[in-house]
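For reference, the structure I am asking about is given below.
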Amino acid sequence: MSRLRFLTAGESHGTCLVAILEGLPAGVPIDAASIEAEMKRRQFGYGRGPRMKFEADRVELLSGVRHGKTLGSPVALSIANKDASIDRLPVVTQPRPGHADLAGAIKYDHRDIRNVLERASARETAARVAVGAICKQALSALGIEVASHVIALGSIRTVPARVTVTRLRATADRNPVRCLDARAAKQMMRLIDRCAREGDTLGGAFEVVVEGAPPGLGSHVHYDRRLDALLGQAVLSIHAVKGVEVGEGVRGSSLRGSQLHDEIFYSKAKGFSRSSNRSGGFEGGMTTGEPVIVRGFMKPLSTLRKPLRSVEIHTKKPVVATVERSDVTTVPAAGVVAEAMVAFVLTQAMLEKFGGDSLRELQRNLAGYRRQVQQF
Amino acid sequence: MSRLRFLTAGESHGTCLVAILEGLPAGVPIDAASIEAEMKRRQFGYGRGPRMKFEADRVELLSGVRHGKTLGSPVALSIANKDASIDRLPVVTQPRPGHADLAGAIKYDHRDIRNVLERASARETAARVAVGAICKQALSALGIEVASHVIALGSIRTVPARVTVTRLRATADRNPVRCLDARAAKQMMRLIDRCAREGDTLGGAFEVVVEGAPPGLGSHVHYDRRLDALLGQAVLSIHAVKGVEVGEGVRGSSLRGSQLHDEIFYSKAKGFSRSSNRSGGFEGGMTTGEPVIVRGFMKPLSTLRKPLRSVEIHTKKPVVATVERSDVTTVPAAGVVAEAMVAFVLTQAMLEKFGGDSLRELQRNLAGYRRQVQQF
Amino acid sequence: MSRLRFLTAGESHGTCLVAILEGLPAGVPIDAASIEAEMKRRQFGYGRGPRMKFEADRVELLSGVRHGKTLGSPVALSIANKDASIDRLPVVTQPRPGHADLAGAIKYDHRDIRNVLERASARETAARVAVGAICKQALSALGIEVASHVIALGSIRTVPARVTVTRLRATADRNPVRCLDARAAKQMMRLIDRCAREGDTLGGAFEVVVEGAPPGLGSHVHYDRRLDALLGQAVLSIHAVKGVEVGEGVRGSSLRGSQLHDEIFYSKAKGFSRSSNRSGGFEGGMTTGEPVIVRGFMKPLSTLRKPLRSVEIHTKKPVVATVERSDVTTVPAAGVVAEAMVAFVLTQAMLEKFGGDSLRELQRNLAGYRRQVQQF
Amino acid sequence: MSRLRFLTAGESHGTCLVAILEGLPAGVPIDAASIEAEMKRRQFGYGRGPRMKFEADRVELLSGVRHGKTLGSPVALSIANKDASIDRLPVVTQPRPGHADLAGAIKYDHRDIRNVLERASARETAARVAVGAICKQALSALGIEVASHVIALGSIRTVPARVTVTRLRATADRNPVRCLDARAAKQMMRLIDRCAREGDTLGGAFEVVVEGAPPGLGSHVHYDRRLDALLGQAVLSIHAVKGVEVGEGVRGSSLRGSQLHDEIFYSKAKGFSRSSNRSGGFEGGMTTGEPVIVRGFMKPLSTLRKPLRSVEIHTKKPVVATVERSDVTTVPAAGVVAEAMVAFVLTQAMLEKFGGDSLRELQRNLAGYRRQVQQF
């Protein structure tokens, strides 16, 4: 049993999504408005179909919080679905390429693919964002902040530069594609418009940035304690994310050692520090104290208006999988989901390193360690 | 408790490395020669320093195997270190950029960085390769084969094409850089020679290919059951691997949906199949039945002869971290380690899906499922 | 991650209880009436205070079930609380001996003990019974049945004899104290009446019986795979249960080896069998194929009308912890909760041994093993 | 992944036993003599057959410890077997009642029962005792001490009274049956002598006592966080232990509430305290700060010279399972094994609550909490 864990449940046209987050300390202030804000950020983004426009998802906290603070007991939450028609929806027998449809139907022995796609839908990430919003508040009380932005959309790529959480918050979310580079953002929107007309879809890449994590989260001592790998898993677990890198993981693999590694400096004021952060804040599977940088690569959406060939599962006849309307891209939203997953994994890592059953105890333990780091 | 698990232990100049692999069914044939062969593959590769040349690692099976077959009880193994001088080795106080040195010393409150680097060393991967060699034999008994090759070394990149395990085995390991493309291989070796002269190091990329995995391993139903993400974690947990992709994860993120997704076909003989495999054998976090393709991006080694700036931890004075001799690159070996990690995770997934406490039971359950898949 | 897991959430005067059960195969028939029947069984029992009399708990399935069958996705359920006044209830500052009150307040740094007792309440077991009701249906589809009865109440003890699930179901639940021995049952009720008058409380013991489990669940190969120990943990995790035995665990410790062990016989018709079952169906941490017998010892309830001395946590002044009305005993209900916990752990064990993502696959794997057992 | 974990491996006539303990903080002093002392305590005890007399088990630390302190990396250890003849030992085809033999052979599809009994043997507990000896040293550095004594042997039962660790250490281990009550001890030895003559075996009961655990280890918030239940599992996982109680778990179930619960007092000097400890130091699944008391009930050994009926597995003919020489009882040793398991689970609980990657950090966090408790 790990110290902090969560389960989600719910189908996209069922009653609701549910999540239980178990293992938080008591006394963490939980602000409902912040949760709602995260829910909206996930629903936002240029390139979404019309259905996301209307009503925002509302999170109902069912347990574990009282008078605005966590109790230490499990936090349960639900998010109602607007359309809970799952029992009346028609049978689906044409698996869509790129989706869980075919493998899921075979695995679970379903003859109605709806039994797969209802759960495989990215609707589930709403529950993750709610869980992540709570973790973010816990991290915030410990001086750790998480943000993200879009760094590529389809063929439009930006050159990632060092960026602060403050600037990300001030800028990225004000932009319909959540991209800092205003010129690239315009190109991305134009590309989305073109794909919308052509019935095609787009993928891209996002970057999550975390500030304030102390050095020494995760560990080199065992393969399954390497925190960068755990963050990688968390980001890869997001729908349509098929690649991940920590810092300059992909580009750095083609550099030479003398070009890549972040040299070590020391000053009285700041202690040990680096002038570069190509490692993405990780050495030996541990945080270095520099900002954590994790990037995800997302494939273009699998539900597209352009026809893809498939097979009807009963007749085995070839068919063409089409769909009426669809999002062109959800990369901006995926970055928000990734923030949630990163926030969860970092909260786990903080609790593993610092223990603590109340926020006060956790903060005290962290303060003791921060002094120890300063005196190292 | 997951069904199959392993722990490793051991410092690079301690007595030995140890691993315990717990949860295998009984009756799996274990061939010592195959384990030794894997150990050699890990030590092999152009670009290694002179120390790896002499004696091969030998694995001693300490438990869990009798008369050449697993017993169902935990398999313990040890690998002796040639140089077990850890207690006499000098204190280290200059952390090397790119290594676990500084973060590890701070985290564990060590004033002798040797206490970190002895465990953080890639020597530990020898234990993983031994564990993976056993898992590979279990998988092999189930018709699943794992292989790998180098697809990039420094700035020399190849264009990955569909390749079979048979061809990989026949070709990749015969080549000092484990690269299929003979022309690229020559360029890679030239680049290594140049870097060796200049005291620099190289990273690169490798691809692991798995054939024979049935559709439906892993699951879309919960974020921590997505097998591609678990494979990603396993590969990212390897020393110096900072990026990972499933199939065309990185390049695919810049394509359009109509260009990327693998269309679905059906024939009496083969059942459902795809003409392309850009998904790397995964949809919705589950195997599709196509070959599994996972690629890792490895940073250049952090131990280089070219000077990198650092700080002495007691005096806080700036120093220059140098090293006498070193490998130029270990990308060929990293691919072998990645095979081991992939083999472990796939064996876990097979046991989770098919159960079975004897190989006979596991094979029977798998055969039943393969029939079910055919009749789907 | 274990194959099957569940989390519960909810405070006793919060909105509702919530549970998520993750890891069930698809295709398991789920009958709402059976769940409701289990919920009623938990609320039933002579010795309960008046509050339990009125309305039965209703379980709402929120996900994971469609058209009466599991989907393979997580099953979420909620149970509304009749009184959701948690935010308006008064502060509690007098910890009750025998409760989580004091340790919980210290641990979580709560100055209002209500923040502890709301979660520590046995109300939480309603969620477990709902989860167990679902597991029981999965087990039932595999030929495994779980039942229980009360074998001791306060000083009134019965002599446990071999008893079938069929008889338990026909008899135990028809009896207000869920005891098979009619004479003892009468004595128990008289004792409860006396304690009710005197403001005192009673503990006791219950026995859970499982029929149909195949031999070989659990394992001797590792300490944390011993299924009897896992069942022990599950039963000890129930509120007020402070002792557990497998078969004749306690009494058997005073017997001699020649009196205790269950000799082994064989017949064509039944295969291997035993004429006695003092082992409670376990040898070496594994099921033997005989009925599983696990017994729990429950302390008398800690909320009693007779005064117990305590201390006010702010003033540190001695106080007397009293309570208006209370149950005299809940041993009959505890047996029902124990059935749920046992059902969960056995479902875990079945899935670990047999795998399977659909009921059909699981049944096929089990049938194959049953044939193997017969031919052993 | 839990913070602290261990695996053991090894067959009783294999090369050696191996254990890996992963997750300890760095800087814990490890004293080889203390480990050896624990190993001897396990081999000690009136009623053991002649084989245990000669040579003591020696533990070799293979990793994770340097200059007498833990490194934070996994601690591997091995214990050589004197007789490593497993490959030459004869086939066994007569399952012994009360052993893992039959269920294990069926489960793992073994036709040679030796493949089961080699691992099912209590020899494995030597590895646990070594692991526990290390955990005890970690606990000791945190002010927590673990001891045990025998409270019943066969029909000879003592009345457990409150006893200190100091007294247990001074007395129990000086006594060949590890029993504090000198008169009972004599009776026990006489009973053992009689059984030795008659070829019979004896079970009994032991009590583990822990002093110094702070209040608030474990938790009421979730069923699988209840520390008393986890301790119960750990003790039940020991060979031949079939029952467990926390404090007065069994006897207390027949008392009334007014007789059982430990009233709460307060004094400036000691803070909150109790005058009795019938709860065994647990309320709501959490430590109360009073001594932890866990008792195990052990069945008589299954290997006895008196004949028990069984069946030859190939011919299915009835046979009589006899054995040449055997221990009469191992209850004194089982108490030592139980100390080890309790020490492991408590170290887990301490690390979960207090975190810490160095002993210094762990001690600092604990000291902060102890102040918080005082000021509560």
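We call the chains A, B, C and D, going by the order they appear; numbering starts again at 1 in every chain.
Here, a residue touches a chain if its C-beta (ideal position, glycine included) is under 8 Å from a C-beta of that chain, and two chains touch if they have at least 3 such contacts.
Every value quoted in this text rests on a predicted model; they were computed, and no experiment measured them.
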Chain pair, A-B or B-D, that carries the greater number of C-beta contacts: A-B
Chain located farthest away, centre of chain D as origin (C-alpha): A
Inter-chain centre distance, chain B versus chain C - centres from mean C-alpha coordinates, in Å: 44
Whole-Å gap separating chain A and chain B, where each centre is the average of the chain's CA atoms: 26
Whole-Å gap between the CA centroids of chain B and chain D: 38
Chain C: positions in contact with at least two other chains: 7-8, 22, 72-74, 107-109, 119, 216, 219, 221-222, 224, 353, 357, 360-361, 372
In the complex with chain C, residue positions of chain D that touch it: 7-8, 95, 97-109, 116, 119-120, 128, 152, 154-155, 157, 195, 200-205, 215-216, 219-224, 226, 228-230, 232-234, 236-238, 242-250, 252-266, 272, 274, 279-280, 282-289, 297-302, 304, 306, 308-311, 313, 316, 318, 341, 353, 372-373, 376
Residue numbers on chain B that touch chain C, as the complex places them: 1-3, 22, 72-74, 216, 219, 221-222, 224-225, 351-357, 360-361, 364-365, 368-369, 372
Contact footprint of chain C on chain A as seen in their complex: 5, 7-11, 14-20, 22, 25-27, 60, 62-64, 66-67, 71-76, 78, 86-87, 107-110, 115, 118-119, 357-358, 360-361
